[in-house]
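What follows are several structures.
Common to both upcoming complexes is chain A, partnered first by chain B, then by chain C.
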Partner chain A sequence: MNDLKELEKKSIYIIREAYAQFKNVVVLWSTGKDSTTALALCRKAFDGKIPFPVVHIDTSYKFPEMYEFRDRIAKEWGFDLHVVRNEEALRKGMGPHKGKLVCCNALKTEALKQYILRNKVDAVIVAIRRDEHGIRAKERVFSPRDENFRWAYKEQEPEMWDIYLSQSKDKTHVRVHPMLEWTEIDVWRYVRKENLPVNPLYFARNGKRYRSLGCQPCTVPIESNAKTVDEIIEELKKTDIPERSGRAQDKERAYMMQKLRSLGYM
Partner chain B sequence: MKEKMNVVVIGHIDHGKSTLLGRLLYDSGTIKKRVLEEIRKTVEESFGKFEYAHILDTLQEEREGHMTIDIMHTWFSTDKREYTFIDCPGHHEFVRNMLTGASKAEGAILVVSVVEGVEDQTREHALLAKFVGIGQFLIAVNKMDAVKWKREEYERIKKEVTEMLEEIGVKKFVFVPISAIQGDNIFKKSRHMDWQGKTLVEVMDEFFEVPKKKGNEPNLGVVQYSFDDKIVGRVESGSFKRGDELLFEPSGLRGVVEEMSVCGEPCEEASSGDVVELRVSGMKGKVSRGEVFAHAYLPKKKEEIIGEIFTFTELFPGKGYVLHRGTAQVKCRISEILEKMDPRKLSKTKGGVVEKSMLARVRISMEEPIVIEDFTKVPSLGRFVITGPEGIVCAGKYVG
Partner chain C sequence: MQDRVLVIGIDAMDPRIVDRLDLPNLKSLETYRRLETTIPPETPVAWSAASTGSNPGRYGIFDFINRDPKTYLPRLNLAEEKHGLVGMKFSCAMKGVPFWRILNEKDIKTTVIRWPVTFPAEKVKGRMLSGLGVVDIKGMLNSYSYYTDEDLGEDVEGKEKIIRVTIKNNLIETYISGPLIRKGSEIRDVRVPMKIMLKEGGAVINVQNQEFFLKPKQWSQMIRVKFKLRPFSHVYGIMKFYLISIRPTFKMYMTSVQIDPENQVVDITYPREYGKELVREIGLFYTLGMPEDTKAVTENKLSERVFLEQVKQIEEERRKMFFYEFERFEDGLYAFVFDAGDRLEHIFWRKMDLDSRNFEVPKEIEEYYVEKDRFIGEVLSRLDDDVKLIIFSDHGFSNFERQVNVNSWLVEEGYMSLKGDTSGTLFEFVDWENTQAYSLGFTSLYVNLKGREGKGIVDEAEKCDLIEEISKKLRKLKDGSRRVFTNVYKGEEIYEGRYSHLAPDLVLGFSPGYRMSWRSAVGALDPQVIFDNKGKWRGDHLVDRSHVPGVLFANFKTKEKNPNIIDIAPTVLKLFDVEIPRYMDGKALI
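== the complex of A and B ==
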């Protein structure tokens, strides 16, 4: 468990560094708990008004509750929401039945790639955490991507102390990760402390709840009776189930997450 | 709330760093059973037998190549502390990753195989950990099973490592004999070495100290950006109050703090580590990114410094580079190489350029003045990186 105040300070510093160093910053928002926390941090960093677009990558396969939540919060918080879809792939019938890796890559990574090129985005704030997955545990705070979006995980630049730079000459944009040090419990404690809105799917109904939210066909709920944020925090202290066990693309087997991320997945 | 501490695990390749951490997570039950099962299945399906190091080595290339490539973060709690371990690659080629990891840590576990003893990256990693600011080293003398748990062998390596640490100027260190592969003296006490009383975990809790604020620090902060009369930045040492008169350097501008907030919440005082927004009155100009603000202290403004550096690529005297100190950046040149050393051999060398992977003392000339403080007094204002057109060239600290 981390000191939430310390985490908040470090994250806000990083978000402001991105804002100070890059011209076209965006923050990704899946509508899940982590990226909603990232939005809350961005609001705090800039006096309640996020000075750059909030990008939601819409695969069209998300839960109806996620779309409802997205539209409600966008209105309440009043930010500049950009909904991004890979329309061409969707027209051609892309979906999880074509294979999970292919689908994630087309509807998430490719959709983001098109948006970044179109809008000349040079920094993308992403709410990934090191404790989510062994591959994400190797990330840097500022992580460059080349024109093919590749993450050169074998040749990452040094990132010394808290000097955040990105000097890679091949980069087209930089992924900015202000929440790497946060853990799953930290996020829920922060949600409680700041009274942040979260999607109702996280709370148990009929003995099941979603611990991590993705696309409907590729996400399964866990057994749980946690109906409140307090109960979720208590549950997490005891569980031995990994957070993203309900997410198909995160399965350790066949190094799927590594392959996806090396191609530019978040 | 428990104390928090970052510990970097360093040492020569194949001396057992990842195995030690894997074993610790396994024996203490920190790694969740289901996660372990998934790793086991993945490894067995693709090429072979599960090893403790695979808990840390998550990349396919790392597991199949039996070698850590990039740093890995992992977590472990005792009754006293919450540790974040940063596992580092031991191969020389990946020393930049080791340095990235070490620069975030307050303590180091140096793993030394009792069979091989001190090797190139034992010296290099110890020296570089010290270079980035680590002052406490726990030496895990590993592979005791391979020498049949003999105390003489342990004492021999202890002597060898002590000499090496003294040579590079490390003052605070302690030793523990272990066997990572068999789990002796890591989380559980060894049944084979009755001459050693404590486990690595117990020694960690007792020996390591979380660095505390010293008090009496100069009041200094950095500017991230500013607009109108508002200045956004971070307090790097000491503290600031509403009503304080600020001096900005290198511009020399002055102003008074009228209002301040930390993380968006209004407050009367902000201290070291706080991200602040200041509304400052009486300013006769615009403050730039990278300036330092001070109260009741005169920041050190320099156009020429002596830096201790470690090179990631070759460094050429006379060539134009950019020095980055926190949020500040300024064009610079290396005007003189005073001394250089190969950290693998601890041998001093001479020559006209600083080759890749060398420690050196150099004179750096800046195009404009920059504020830079002693690394030992205000670390975040005393360290820097230098970049060239191809990317990061070296990391350094101000020594005079």
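== the complex of A and C ==
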């Protein structure tokens, strides 16, 4: 349990640091397990009362269970919930049938972009974790974005252990990632420890459950019989995919690159 | 009917330079026109269009690199590997029927020398020496070695080609890096020991009991070395050395270890003995497809001056080779391609401002054109009246000031999703399950199509709209006030034939000054979409074809005002009175 305490302590430190350094902070909440945990951490950081808005980006394509969960928790925890939608895109008929990426871009990224500009937001707390995607290995706790939402990952300065670079310079806003160090299993162990509310979609029904939640048309459940948080933790321990053993493949790639570059044009 | 036709190819000869310079011999010819080239105007695409009289859909080359849709991995079209990456088994990527094969069927003899994408050499009635595409002994298109005792650090370009040496009592014990072999899961090079003794005023190099002395700034002869692969199995390679300096730092350049024309590990001539015959006549020669070492210049290992020396050596070999065959050219077809001009233009084009009214052609480029004109003069003075002569180039040239990373653009526009370390290459970082399109090569963009691509997500029904949407956005893409693309073509609309299913979904026609970024071409990202191209390689021709027409000369009248490169093959066939196959897209110019 001590490791969870340590993670919690660091996350709270980052959240307080963000609140102290930026004028207009918001936290993103999808109603999923990670961002709900982030809300719980924000509550802890400020004695139960989150002092900034909680932003829910509503694509209108979420599961009904997510909307129910959202409204119930907002009431119970009593924070300032801002529901953000790209109304114009929705009016024009944007949806997953237009292609997943186009849809995500319009209904999520664009919606948030508009909100940030309108409300002069300078820091957005996001509950991403480094273990979700390899790309996040390069993420920083404080990650500046420019006006196009571009993340200049090559220009960012190295962030040493515990010394977070939170100065935003000329960037329009900074993403704050208090849960970068957490793993999927840490989240569930914390949910169990703190007895946090869980969206029922995470629990198995008819041999299937959702491992992560998104929009209904673009989210698929996994095979599972885990009906409780304990069972989810047990399941994750077993299904841990072994470290990628692609070393031979990497050499092959290196050689292929050498070959391509042997043509002057590359 | 014609008995003899002579075709001389001059890669990348640009009409604007021709117009600017005094080239009396070329301009004395009956026909001089701009020659429309292929979409895209890339060397392997254009030369194959010339030889087959067809659009790329009939021969299967749409870019320097094609992709394997299942793995998204690239394949170089110049030399197609038969058994994976390591090894020296190759097949020809050009799947169409070149005009010489049609002539051979009619028992007309053909001698074809250094035509691009004719590697490995094919069986002909006559002779063949392969051109651009011929690999070195490692299976690479070029892999020079650079010997030095200086620590160049980890970040230096072309790191794998640097061989760090130490000097002990004026002696360097090092090696020549040869063919690649697999040892278990490792890829390893076979090495031959080499000793370099530093003397007053130079160095004595000793390899396999051959010893030669080089002064600084001196080239060696072509040297032959034997590499042992396994017991009872060996291959030969040939290479040249150039001693750059001894003090304060030791620096020596070695060319790629090239296929020995007398001991060919893979066919570069037909018949095989033809290699021996050529060596007997002109001595050992550069066999590599693209031996003019632009890489060594762009990676700052060779100076421009030494590079020019190398180009001149190579051109002199080609000249001798040309006249050796010319002297005994008694019947049929003789085709010969010169391509050093293209390499010179890549490196020296940056010294010229074509937009200014009185632009001056850099002397390195001017000398080449003037030399080629003199050469044509010599040919004309010795050419029998009955021989029909065609001279043409595959494309012209343009500048390359700004790089465009189309993959980074796709990411920004939400068509490509990322995962993992995004600094990698070959799409290592692409989240294919959430990616609609990708770009590989210099002008190609592909949809991540369900059923065709390994992890395709775009339905056939959505493909059309997506292509339309991306193409519209690209057409509008601006860099300041300038449009980045002159044209964006749909593969489906411009190609037809049995290989058209391999074509890119979109073919990008860049505006002058723009080119695919160095990293985008190999499936990698850049931090920006459009940015400056620095370095020496600031001339290129990978723009929309309307900006880079080639040239056509002939010693006879042609009837077409706007000839196209696909007209070359039908014209040659017609000169010989051989029926033009119906599938050919081009038409005879007479």
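FYI, the second predicted complex is superposed on the first by the 233 of 266 C-alpha atoms of A that agree within 3 Å, B and C clash if a C-alpha of one lies under 4 Å from a C-alpha of the other, contacts with A are read in each partner's own complex, and residues count from 1 in each chain.
Everything below uses one rule, namely that a contact is a pair of C-beta atoms (placed from the backbone, for glycine too) under 8 Å apart; a residue touches a chain by one contact, two chains touch by 3 or more.
Because the structure is a prediction, the values reported are computed rather than measured.
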Touched partner set for A:D34, first chain B, second chain C, both or neither: neither
Chain B versus chain C as contact partner of A:E184, first or second or both or neither: neither
Partner chain in contact with A:Y255 - chain B first, chain C second, else both or neither: both
Partner touching more residues of chain A, whether chain B or chain C: B
Partner chain(s) touched by A:D58 [first = chain B, second = chain C, both, neither]: neither
Which of chain B and chain C A:N105 touches, first, second, both or neither: second
Touching partner for A:E235 - first (chain B), second (chain C), both, neither: neither
Chain B versus chain C as contact partner of A:Y265, first or second or both or neither: second
Where chain A meets both chain C and chain B, residue numbers: 134-135, 137-138, 153-154, 251-253, 255, 258
Sites on chain C touched by chain A in the complex: 64-65, 73-74, 76, 78, 85-86, 139-143, 160, 180, 185-187, 290, 294-295, 298, 343, 346, 412-423, 425-426, 428-429, 431, 434-436, 442, 457-458, 462, 466, 518, 521-522, 527, 537, 540, 542
Chain A residues touching chain B - in the complex, by the definition given at the top: 1-3, 5-6, 8-9, 12-13, 16-17, 19-20, 43-45, 47-48, 130-131, 134-135, 137-138, 140, 153-154, 156-163, 165, 167-169, 183, 240-242, 245, 251-255, 258
Chain A partner contacts - residues on chain B that touch it in the complex: 1-2, 4, 32-35, 38-39, 41-42, 45-46, 58-61, 69-75, 82, 96-97, 99-100, 103-104, 132, 224-225, 232, 234, 262-264, 273-275, 277, 289, 312, 324-327, 379-380, 383-385, 387, 389-392, 395
Complex interface listing, chain A residues touching chain C: 99-102, 104-105, 109, 133-135, 137-138, 148, 150, 152-155, 248, 251-253, 255-266
